[in-house]
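Next come two complexes, and both contain subunit A; in the first it sits with subunit B, in the second with subunit C.
Entry: the complex of A and B
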């Protein structure tokens, strides 16, 4: 047994460490198309102190450390590109506090979306959080670390905007608290009115530190949730439709999607409009507002509302499982997407690009965009399904995704949770001053370069 | 190409103009105006009827002189490009009901149980009542009556697809097709006849079948002793002679249908197609009047014939304190096949 392994066992106990081949196999990959890379060790800490000691050991021995939630980014963000330790955070899954009046929760760094959702449903049914359309086992800390979005992103911004404080283990093994918890017991602000240090960690994809605790905003959970589905066959109308809908300033969530299969969806762009209320009257009022605001498109016969009764169960599901169904259309269950953040008026160009790429690379597409901050921008997913048992198809999907990212950058968009190649493309395009600032931050926070190396390699 | 069998003289000499005068969604000052508008439709001229018709099918019932005012209105709309619903909705229905070779056919001999393209019908068509035909299922777009496209003034889709559907049944070698969807029976009888499309099998209306079976199962029937309102579907307007079967079946199982304003010839649409064609204001109004009328009549349940009506109205029915149920399920409860607790 190596000295490293012995040291890790001393820190977390025998059951918390592994270098068994089957474990290494599992932790070397994610469900996307990137090539697997093996870690040397998998470690599952239970406390901040254990995380500290592991990082101190890694720092001393110059071993890479890759913090991992549930590994569902699909873009290889927790594939250990340079080996080392994969730090599986899932055993740190305690909900430490719910302040129901201030509407925030404090969670350990491996707490999953499903655990928080279930906890709130059981103990605080009047509260909810911004649940992403990802499997329930995905973790909240990972989601905010990559600027994820969720059901409340249209109203309140990126899920990372909903962070109310953090505890971080720095690459040197030191621990620090960010925001209001650095001054007292309350987790109500990640920054303001202090210098907002959360930006040193959010979006850095685990390359500047490990989130061991996170505070998260909670929101009113209305008694009724409802949905309407507007369709149009004129893609150029989508930005106007979205502008009118966001002008209402009362919708929970707005998604726009299009896909060629099943046939009933072919040729149309679907705008799923979610709204909530505490009474039937409130719901009826909001529904009327939604219909009235889109009446001009109905009058012109360019758009209309679908009957949604038979689809309601599926549409109101949180998280939605329809993505999993899409992944299996070509059989083999593979699915990956490029999800650039872009301005809404570019929707028609992005939509055309998706169809072009699907045709060029002979792959099946589905696309969905989610409004962010009331129409400030959107996440536009360029999604392709593939058969995991078809390497040629996986390669075609990879090329299509690379081209999608290049297109998004050309259009002035920002790649979301970019893989290491997309990060390089992004940094090449980045304004030199911004890149230099990133270099300074990375160099100072992680002088040994041990944190999730291969990602945000600003110094290379 | 099949053409609508239309007799202009029958319309021209119509003494009542009931097709439009009885319409619940358009108002006319009297016979002369209604008759005049219908004659414009006949002559292929523009008429406000072509812009205001809510596609409820009712004029097919109101016309007792054997003409087909609704089909003609839809034909004229299509000719003039005056489509009822927004284009993407119309196209979605056309795409959704496209034959793609994804159908289900059970072991069929001389009879088929048509479930149209509605999965719920497959569940309804099981159990003691259907025990001899339940396995002989035909389901899918290949066996779907295309009548829904009349709502969207796409009669060309009907004349293109209906012969194929009929042919698909014929290829199964069936002598009888028991139609679980009201609209299928209406299509194979009324629409096919109106367009001169031959049907080489005997369409059987499911309520005829159910009534016969319930008579055979009479010893098992325990009266339900409830008062219900019946939601008559639009397609039943194509086959008004079959409407009394509802009363016969419900009477047999001890269910009362109290009189109310919007029943029989005066029934209101479930509202879902109206929502697509005429907007939410009319749809909400129609649904509200209809449901309030059910409650005022003292009904405890809303009984459905068409699964599409049931899907579109059930949530609102429940919110009004009524219980939605399909007439076949009521029969199953009456013979003890389903728990009475669901009532």
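Entry: the complex of A and C
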């Protein structure tokens, strides 16, 4: 047994570390199309102190450490590109506090989205968090670390904007608290009015530290949710439709989606409009406002509301199970998407690009855009499904996604949860001053370069 | 790529997305896969198993003790099948795991506990390595007679026949059924293991022998209707025996008891108790029998039936399924299924956990002891609760 393995067992116990071929094989990959890379060890800590000791060991021995939630970014962000330790955080899954009146929760770094949703539903039914449509096993810390989105992103911004404090194990093994918890027992602010240090970790994809605790804003959970579905075949009208809808300032979430299958959806753009209320009157009022706002498009015969009754259950489900189902359309167990953040007026160009790429690479697409911060921007998902038993199809999907990212950068967009190649493309395009600042931060926080190496490698 | 191994459903193994819905109940309150809960590695989850089986079929990983442990730590509770989001292949998940285990049996590379289980069944006819002649001893003093053309054969199974906790449950069921005037008999020392666990553990040859012997015997005796103590036996009789020529009307004892109560053939007095009911996987998820046990408890004046958070389709397994009752691959750590489940029962404020399966009775009784809850929780079979009510 190696000295490293012995040391890891001393920290987490025998059941908390593995270098067995089964775990090495499994944790070397994610469900996306990137090539697997083997870790040397997989370690599952249960406490901040254990994480700290693991990182101290890794720092001393110059071993890479890759923090992992459920590994569902699909862009290989937990693939250990340079080997080392994959840190499966999911055993740190305690909900430490819910401050009902201040509307925030404090969670351990491996707490899953599903568990928080269920916990709130059972104990605080008047509260909710911004639940992504990713599977429920995905973790909250990973979601904010990659600037994830959720059901309330249209109203309140990226889920990382909803962080209210953090506990971080730094790449040198020190522990620090970020925001109001650095001064007292309350987790209500990640920065203001202090210098906002959360930016040293959010969006860095685990390359500057490990989130062991996170505070998260909660929001009122209205008694009723409802949905309307507006459909148009004129893609050029989508930005105007979205502008008018976001002007209402009363919608929970807005998604625009289009896909070629089933055939009834081909050629149409579907705007799913979610709204909430505490009374039937409130719901009726909001529905009327939505209808009135889009009436001009109906009058011009450019679109109309589609009956949603038969798929209402699916649309209102949180998270939407049907999204994962896209992976099995080519009977193959996989899909991956590029999800650039972009301004809304570029929707038609992106939509055309999706169809062009699908045709060029002979792959199946589905696309969905989510409004962020009331129309400030959107996440435009360019999704391609693949058959995991068809390596050629997987290669075609990878090429299509690479081209989608290049297109997004050309259009002035920002790649979301970019894979290591997309990060390189992004940094090549980045303004030199910004890149230099990233270099300074990374060099100072992670002098040994052990944190998720291969990602955001600004120093190479 | 050359396939070194093959299983019947090999062509769909790659379709798992490893999204992880399978780990949870419907509302996501906690992990609902007992092996993932106990071990904590993704490899021990249903999705992990699917991906590893694919790697193993493609010879990207070899057969190993750990791979065998990963497969055999599955308790066959069927939660994954119900929660998987892929309707076109979700129903095949348990079969894929079973087929992979059968392939391991063929390779002769199975965990020692599984090997010993098969050997005991093959040589002694039961996993306890006790004489066949003692199989019917549990019934002494109950008044139950050997089956000789009565309306029902009361099939008890290995746990009910040999395990102390199981025997207690079998005796009470037998007494209550007899007391209600049901015409039934037992096989006693001639009863043969039903083979449900043998099949799920992948020893298909031994299973075929056990099932064949049982079917032949039942037919020779003229058995038409069977009432089982054990939901595991109910499952295999209903689902696997017909394909082998064994077509019988099969009931779980709670179905019969609920009917007898409805027909007022069992008189119930008051019994004041707060009770929570634990759904056995082979009665609930596998066979969708959720109502009768609850109907029985609700029929008792004074019983307050409170549900655990995870119940019915979302119930958390006791950890005894898939042969783990005998092989104990899941172990008894703090995250083992039985211990987690009794703590969930405690949260309801109930004083009694009602059970309808002898394996659950044993697993949860042991867990109550491990958690030092003997003064707070009692594990009782449904018929034992009826007897308490009847005595008042």
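The rule is simple: the second predicted complex is superposed on the first by the 460 of 460 C-alpha atoms of A that agree within 3 Å, B and C clash if a C-alpha of one lies under 4 Å from a C-alpha of the other, contacts with A are read in each partner's own complex, and residues count from 1 in each chain.
The definition used in the following text is that contacts are C-beta pairs under 8 Å (C-beta built on N, C-alpha and C of every residue); 3 or more make two chains touch, one makes a residue touch a chain.
From a predicted model like this one, the values you see are computed outputs, not experimental measurements.
Chemist: Please determine, from the superposition on subunit A, whether subunit B and subunit C clash or fit.
Modeler: The answer is fit.
Chemist: Once the two structures are placed together by chain A, how many degrees is the angle at subunit A between subunit B and subunit C, based on Cα centres and rounded to a multiple of 10?
Modeler: 70
Chemist: Looking at the overlay, what does A:231 touch: subunit B (first), subunit C (second), both, or neither?
Modeler: The answer is first: A:231 touches subunit B but not subunit C.
Chemist: Looking at the overlay, does A:264 come into contact with subunit B only (first), subunit C only (second), both, or neither?
Modeler: In the superposition, A:264 contacts subunit B only.
Chemist: By the touch definition at the top of the document, which applies to A:328: first (subunit B), second (subunit C), both, or neither?
Modeler: Once the two structures are laid over each other on A, A:328 reaches subunit C alone.
Chemist: Looking at subunit A, does subunit C or subunit B touch more of its residues?
Modeler: Of the two chains, more subunit A residues are contacted by C.
Chemist: Once chain A of both complexes is superposed, is A:31 in touch with subunit B (first), subunit C (second), both, or neither?
Modeler: A:31 sits against subunit C, while subunit B stays out of touch.
Chemist: May I ask you to decide whether A:44 touches subunit B, subunit C, both, or neither, giving the answer as first, second, both or neither?
Modeler: The answer is second: A:44 touches subunit C but not subunit B.
Chemist: Please work out whether A:306 is in contact with subunit B alone, subunit C alone, both, or neither, and reply first, second, both or neither.
Modeler: Touch partner of A:306: subunit B, not subunit C.
Chemist: Is A:273 touching the first partner subunit B, the second partner subunit C, both, or neither of them?
Modeler: neither
Chemist: Nearest approach of subunit B to subunit C by C-alpha atoms in the superposition, in Å, rounded to an integer.
Modeler: It comes out at 15 Å between the closest C-alpha atoms.
Chemist: Could you pull out which residues of subunit A sit against subunit B in one structure and against subunit C in the other?
Modeler: Common to the two interfaces on subunit A: nothing.
Chemist: Spell out the residues on subunit C that touch subunit A in their complex, using ranges where they run on.
Modeler: Answer in residue numbers: 14-21, 23-24, 27-30, 39-43, 48, 51-52, 55, 60-62, 64, 66-67, 70, 85-89, 309, 333.
Chemist: For a test of understanding, state which residues of subunit B touch subunit A in their complex under the given definition.
Modeler: 83, 85-89, 91-92, 95-96, 98, 100, 272, 275-276, 279-280, 311-312, 314-315, 319
Chemist: Could you please specify the touching residues of subunit A with respect to subunit C in the complex?
Modeler: By the definition above, subunit A touches subunit C via 15-16, 18, 20-23, 25-27, 31, 42, 44, 70-72, 88, 90-91, 112-115, 117-119, 121-122, 135-138, 321-322, 324-325, 327-328, 331-335, 387-389.
Chemist: Within the complex, which stretch of subunit A touches subunit B?
Modeler: 231-233, 262-268, 280, 287-288, 291, 295, 297-298, 301-307, 309-310
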